[in-house]
Structure formats: C-alpha cells, structure tokens
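In what follows, structures are represented as structure tokens.
Here chain A shows up in two complexes: once beside chain B, once beside chain C.
== the complex of A and B ==
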C-alpha cells in the first residue's frame, strides 16, 4: 500500500511539476495567436522529454552517479565544458525567468509590484534549498502545482466549439495575421519549453539525491511516462483556454495577467485562487529545480561534493554556487528587465542548447562500462536518433527565425 | 595533387562566402530593417488594440463580479504599460512621408486617449472616482480601437 502511495505521489508530483513559466507563457501566447494549430508540438516535446529523462534516470539509478559526472569522465573535459557552458547559461536565464514568474504571480494576488517580490522570492528559494529536505520540497511544490488543473476545468466550463478546436489541432493552418516564420519560431519555442535542459539534469541528480537503485527503475518509468504526458495535457489546456477566449477577442498574450482572463471568464474568483496557487507553486518549484541544477552541473563538472542529502557544510561550494546564482539572477531582474521577455528568450535558447545536452546522455546510456546490461535497446536508440535530428534542426533554425521574426513579433 | 588542392580551396571559399552572406541576409530580414517605419507603426497599432481589448475584457469580468479588484487593476496596469511602451516607440519614430506622419498622429492621439481612460478606470476600481462609470469607460475604450481601425490607413 505504501509502495502504491509512493508511486501515485511521484506521478502527481511529476504532473504538477511539469509546467514552469516557460510552458505557461509560451502555451498561452501560442493559443492566443495560433489557436490549436501548434498543439502537435506539445506531444512531440513531451515524448522527447520522456525519452531522455527516463534515460537520464536509468543512468543515475544503474550507475549511482549523475549524468554530468559521467559526461566529463566519458567524453573528456572539453566536451563536458561545452555542455556545461551551454547548460549553465540557459539555466541562468531560466532561474531569472522563474524568479520573475514567482514575482509576477504574487503580484496578481497583492498590491506590491513585481520588483518588490523578486528579493522575497529569491530569499525563499534559498531558504527552502538550505533547510527543506529534497523529497518534501519536490512533493510540496509538485502537489500544489496540480492546482493548475484549473486550466483543464476552465476549458470545459468555457464550453468551446470542440469540433473547431479539434480541427485546428488536427489540420494545422497558419492564421492570416501570422507568417510561416513566426509559426515555426513558436513551434521551436514550444519544443524548447517542453524539453528544457534543466529538467534532465535535475531528474538525474534528483535520482542520486533520493538514492535510487535498479529496483526504483519501475517507479521512475511510471513517473516519467505517466506524469509528464499528463503534465503535457495541462499545457494543451492552457493553449485551449487562450484559443477559446483570447483568439476570438484578438487579444495577444504579452503578460501573465492576461493568462488569467480565460480562467476568470470560466470560473470566476474561485478559479483565480487556484490559478494563483498553481502558478506560484509551478514557478517556485521550477525556480528551486533550476537553482539546484546550476549547483549540480557546476559541482559535478568540477568534482565537488554536492547534493541536498549532504549537510551544507559538507557541500559548501555547491551551496555557494546556488547562492551566487540566486543573487545574480535576482539582481538582473531588479534592473527592470521584463521577466516575460526573459522567459520567451530562455525557451528559444533552450532549443539551441538541446543537442549539447541530449547527445552526451545518449552516448552514456549506450556505454556498457557504466550501464552493464542496461544499455539502450535498438528501438530506444532509433527513437533517440530521430529526436536528435529534430533537436539539431530546431537548434539550427532557432536564431535565424528569432531574427527574421523579431523574436516572434 | 595541385588539382585536388585547388578543388579544396574552391570548396572552402564557397563555404566561407556562404557563411559570410547568411548572417547578412538574416540580419537584413529582421522586421525593423525589412518593414521600416510603416511596419513598426502597424506592429504598435496591433499591440495597442490588443492591450485595449484585454483591458476591456478585464473590466467586463470585474463588472460581472467574476474578477477581483486587485487582479483587474493588475490587468489594467499591464495594458497601460503596453500602450505606454508603444507610445514611446511611435513618438521616437522618424516618419518618412506624409502617410506615415498621419498614421503616427492617429496612433499617438488614440494611445493618449487610451492611457487616460485606463488610468481613469484604475481610479474608479480603487474607489477614488465614481464618475465616469465602468460601462462608459468600456465604451470609450472600444470606440478608440474602432477609430484606430477606421482612421489608420
């Protein structure tokens, strides 16, 4: 019974923890501009993250080591440094975006402006990382993040024309007001938002934090293969809400407060309360994960002691890195930079960094020296290779499309 | 041997030229370069109308009791900020001809009116003003977006 409870908790946490500010903003923007014409990207992205997160979790469970430690050992410091550089830069952008997201979400509920909330959010993230246990931290934010199911309920309450939504999704067409370049730019942004590199590093390091062994592989697989796709459903619901209310009203999402409009129209003040709790939990949870990922990647590259399972004194450099990252990102936000703009850029830059993140994982997962008999099977490798081609295409097209479309204008 | 070397050199030159040309092509096709002042004016017009519609919907939901005063004020503030950002862009744009100048004037007039209406609506929500009432303000905001559609040519 307790085993079943643990599995259910893991799945629920994975659903609630799937969304971050990148998913929230990108899905709403896309829904308000393209309807459901880009809905196909979400299953593509979710399948990709399932594939590689499961792989990274298996590497950690079998070898007992996090992906980044092995990458440096297996591929050498140069390749690992390229991976580190790209991942760390994207991570910094994502931490900034998530902290901004927490501040913007808290602003929806209070009178204080987002700049007032940024230091509070950064301090709270640091405090939780310092004091709260890994499992409690994961489960609390993941379960509270489930409040975002309010988007799914809102879709039903809004009583949309289901046939029209299905037609938009099944036979995607670019609206007259949008260009083909913008369509593909947002396709890459959605793909980048679903496959953000930090998710894999966090998943792999989290497996070590929770002392996974080969016996935990089943639970890990369930968390990923059930939790993430259900999380993807939340993404679709956000896009559907925007497509139902904002697209017909010709409102293009440019702020977090506009994402609340369809939810308010559907469920009023009660729905708003769930929305605010969900957005705060999702962005706060993601801020914790990205901050930890910054510490994980750097500490694992340099071979420092790391992990929340150690006392902070025993992993001092790991904790210092996270503190510096939080201060730097909060300071960047305090200059007045728009968190939504940072979010939009971070998901596109994520797409650019994807090959550097996922190729090494694939190589390590095929190395019998680390994996023994549990190396990837032929089908898994074939699927991963297909994804690597998609990832490479997305990475190559991201910057030209960003320039040509003026970052999706 | 020399033939192979010449071939290789030719190929390298072709790659170098393509590598040099590609960024230039990409950079010259960015919207600001490609569309010039008319394109930027049209972009701001769309953003302004979108912000006005969002504010209108926020006020409608507030009037219907579906929204809280707090979030309605945040939504109005965001809409106003978007219009203000657009205003700053438009005001600083060098108009190339009389048509652009006319569009610029139309836009600036509409945006000024919107900013004033959104600020007024915020005061009404706060309870600092009782007149004009929200339905009147919503009508004015709708009218401004309609005027933009009609007069922006």
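== the complex of A and C ==
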C-alpha cells in the first residue's frame, strides 16, 4: 500500500512539476499566434525529456555521479568550462524568469506591483532551500502545481470547435499573418521549453540527494514515463485555451493576465483562483529547482561539497553561490526587465545549449566503467541517436532563426 | 594533431591497468567520510629512473588551478595541494583518499575558500548546523 502511495505521489508531483514559466508563456504565445499548428512539437519535446531525464537519473543512481561531474570527467576542463559558462548563464535567465513568474502571479491575486513581490519571492525561495527537506519541497510544490489542471477543465468549459482544433493540430498550416521563419522559431522555443537543461541537472542531482539506488530505478522510470506525458497534456491545454479565446480576438500575450484570460472566461473567479495557486506553485517550484541547479552545476564542476542533505556548514560554497544567484536575479528583475521577454529568450537559449549536456550523458550511459551492466540497450540508443540529431538541428537553427525573425516578432 | 610515436606495450602484471587521463584525471576526490575534497588536477611523478620501470606516481595534486589547466602554463607550487599516493584508498569512479578533513574542512590548503565562507558568511545565518529535513 505504501509503495502504491509512493508511486502515485511520484507521478502526481511529476505532472505538477512539469510546467514552469517557460511552458506557460510559450504555449500561450504559440496558441494565440499559431492555434494548434505547433501542437506536434509538444509530444516530440515530452518524449525527448522522458528519454533524457530517464538516462540522467539512471546514470546518477548507478554511478552516484550527477550531470556536471560527468561533464567534467568526460570533456576535460576546457570544454567543460565552456559548457558550464553557457549552462550557468541560461540557468540565471531561467531563475530570473521563474522569480518574475511568481511575482506576476501574486500581482494577479493582489493588485500590488510585481516589483514589491520580487524580494518576497526571492527570500521565500532562499528560506525553503535553507530549511526545507528535499522530498517535502518537491512534493509540496508538485501537488499544488496540479491546480493547473484548471487549463484542461477550461478547454472543455469553453466548448471549442473540436474539429477545427483537431484539424489545426493534424494538418499544421502556417497562418497567413505569420512567416515560415517565425513558425520554426516558435517550434524550437516550444521544444526548448519542454526540454530545459536545468530539469536534467536537477533530476540527476535530486537522485543523489535522495540517495537513489538501482532498486529505485523502476519507480523513477514510472514517474517520468507517466508524469511527464500527463504534464505535456497540460501544455496542450494551455495552447488550446489560447487558440480558442486569444487567436480569434487577436489578443497578444504580453503578460500573465492574457494567459489567465481564457480560464477566467471559462470558469470565472473560482477557476482564476486555482490558476493563480497553480502558477505560483509551478513557478515557485521551478525557481527552487533552477536556484538549486545553479549551485549544483558550479559545485559539481569544481568538486565542492554540495547538496541539501549536508548541513549548510558543511557545504558553504554551494550555499553562498545560491544566495548570490538569488540576489543577482532579484536585482535584475528590479531594474524593470520584462519577465515574459526573459522567459521567451531563455527557452530558445535552452534549446541552443541542449547538446552540451545531452551528449556527455549519452556517452556515459554507454560506459561500462560507470554503468556496469546497466548501459543503454540497443532500442534506447537508437531513440537517443534520433534525438541527438533533432537536438543538434534545433540548436543549429535557433540563432539564425532568432536573427531573421527578430526573436519571433 | 601531432603524429606521435606509438606507446610501448603495457607492462604485463597482475595489477589493474589505469590510464591516468581516462581513469584518474578530473575525478572527484572523496575523504573517508564521503566529504568532497577537490578533484584530481594533476599527478606528481618521480623523475624517470633508468632501470626501465618507468616513473612512479608520488602524489595527487589538487587546487584552484582551472585557469592554467585551460590556458596552459604552470601554477606556483603553493596553488597546489599535494596528497601523497600512500593516502589513496581506492581508484574507481571516484578517488578515495584519507585526507583527514575533520568533517569537511580540516586543514587542506585548497579548501581555504570553503573554510573562509563557512566562518565568515554561513556561520552568521541561523539554522546553519542542521541539514534541512
């Protein structure tokens, strides 16, 4: 019974924890501009993150090594340092975006300016990292994040033209108001939003934090393979809401209120309340994960003591890095940068940086020195190679498309 | 890539054959209580003896030497902490040493930043002594 409970809890947290500000914003933007014509990217991204997270989790459980330790050991100091620079920078953007997301959601609830909420959110993130245990932290934010199911309910309440939505999704056509370049630019953005590198740093470091062993692999695989696709359904629902309400009215998504508009139209204030709880939980959870990831990546690269399972006194550099990152990102937000714009850039940069972390994990997952008998099987490797090509293509096309489209304008 | 002479045959012995670059360099150093104490940045080798045995590894070197490892050159000896090879307990996915770090921070020179931040920053924040649970 307790085992069943553990599995159910794991799956539910994986669903609730799947979405972050990147998924919320990108899906709404894409839905409002392209309808469901980019819906096919979501299953591609979800399958990719299942494959990648599963591989990183298995490497961490079998070898006890988290992602950036492996990157250092396999790539050597020069390549690994370049990799760290890129990954850490993108992670900073994501921390900023998530903190901004928390502030925007709290602003929807209270009318107080978002700048007032930024320091509060940053302090709360720090406090949870300092005092709350890893498992409690994960489960609480994941379960509250389940409130985002309100997007699925809203789609049904809105009673859209289902055949039209299905046609848009099954026979994708680029709307007349958009160019081919913007279409592919947003395809890459959606892909990057689903396959954010921090999720993998966090997942593999979390496996070490929770002292996973080979016996835990079955549970973790189930969590990922059931939880992430269901989380992907939430992404589709966000896009469908936007496609139903925002696209016909030609409303542009510039803040969280446009993302909330279809939900408010469908379910009134009660639905809006659930939405706000869900967005706060999802972005707060992701702010925790990205802040921890900044500590994880740096500490693992330099070989410092890291982890919430240690006393802060025994992992001083790790905790100081996270403190500095939170202060820096909160300060950046206080200069008045637009969190939505930061989010849109961060998902595209995520796609650009993806090969840097994907390739070393794929190599080590095939190294018997680390993995013993638990190296990748033939089927997994075939799928992983297909994704390697997809990831490389997306990364290579992202910057030219960003320049050509003026970042999707 | 320069063309190199092929390496001589590996010595036939009963022991395990380790490639310094592949199996030792950049690996994590852990103390007896699983405290990370750095990474293997370099190896100190004995001067080449003429008896055909080849050089022996005297010590593992670790320190804040990322810049010289990336851009080349040689850091002053004071930047490197020497861990004599006799302290090495095992070489696997991690390298275990008996460095005696006293719960994580003891006396190793390369951990001075960790000690300094612990005593001057973390020590002033309430709740620092217990792991989160």
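Operating definition for what follows: the second predicted complex is superposed on the first by the 409 of 409 C-alpha atoms of A that agree within 3 Å, B and C clash if a C-alpha of one lies under 4 Å from a C-alpha of the other, contacts with A are read in each partner's own complex, and residues count from 1 in each chain.
Here is the rule we go by: a contact is a pair of C-beta atoms (placed from the backbone, for glycine too) under 8 Å apart; a residue touches a chain by one contact, two chains touch by 3 or more.
Not measured: the values here are computed from a predicted model.
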_Larger contact residue set on chain A - chain B or chain C_ = C
*Touching A:302, do we find chain B (first), chain C (second), both, or neither?*
second
_According to the stated criteria, A:133 is in contact with first (chain B), second (chain C), both, or neither; which is it?_
second
*asked:* Output check: A:69 vs chain B and chain C. Expected answer is one of first, second, both, neither. What do you get?
replied: second
*asked:* Tell me the contact category for A:335 with respect to chain B and chain C: first, second, both or neither.
replied: neither
_Looking at A:78 after the superposition, I want to know if it touches chain B, chain C, both of them or none. Which is it: first, second, both, neither?_
second
_A:405 in the overlay: touching chain B, chain C, both, or neither? Say first, second, both or neither._
first
*With the two complexes superposed on chain A, say which partner A:249 touches: chain B (first), chain C (second), both, or neither.*
first
*Please identify the positions on chain A that touch both chain B and chain C, taking each partner from its own complex.*
none
*Please give the residue numbers of chain A that touch chain C in the complex, ascending.*
63-65, 69, 72-73, 76-78, 81, 129-134, 136, 302-306, 308-317, 319-320, 323, 369-370
*Which residues of chain C touch chain A in the complex?*
23, 25-29, 35-39, 62, 66, 69-70, 93-94, 103-105, 113-115, 117-118, 121-123, 125, 127-133
*chain A residues within the chain B interface of the complex*: 107-111, 245, 249-252, 254-255, 257-258, 260-261, 264-265, 268-269, 272, 399-400, 403-406, 409
_Applying the document's contact rule, which stretches of chain B touch chain A when the two form their complex?_
22, 26-27, 29-32, 43, 46-47, 49-51, 53-54, 57-58, 61, 65-68, 70-71, 74-75, 78, 82
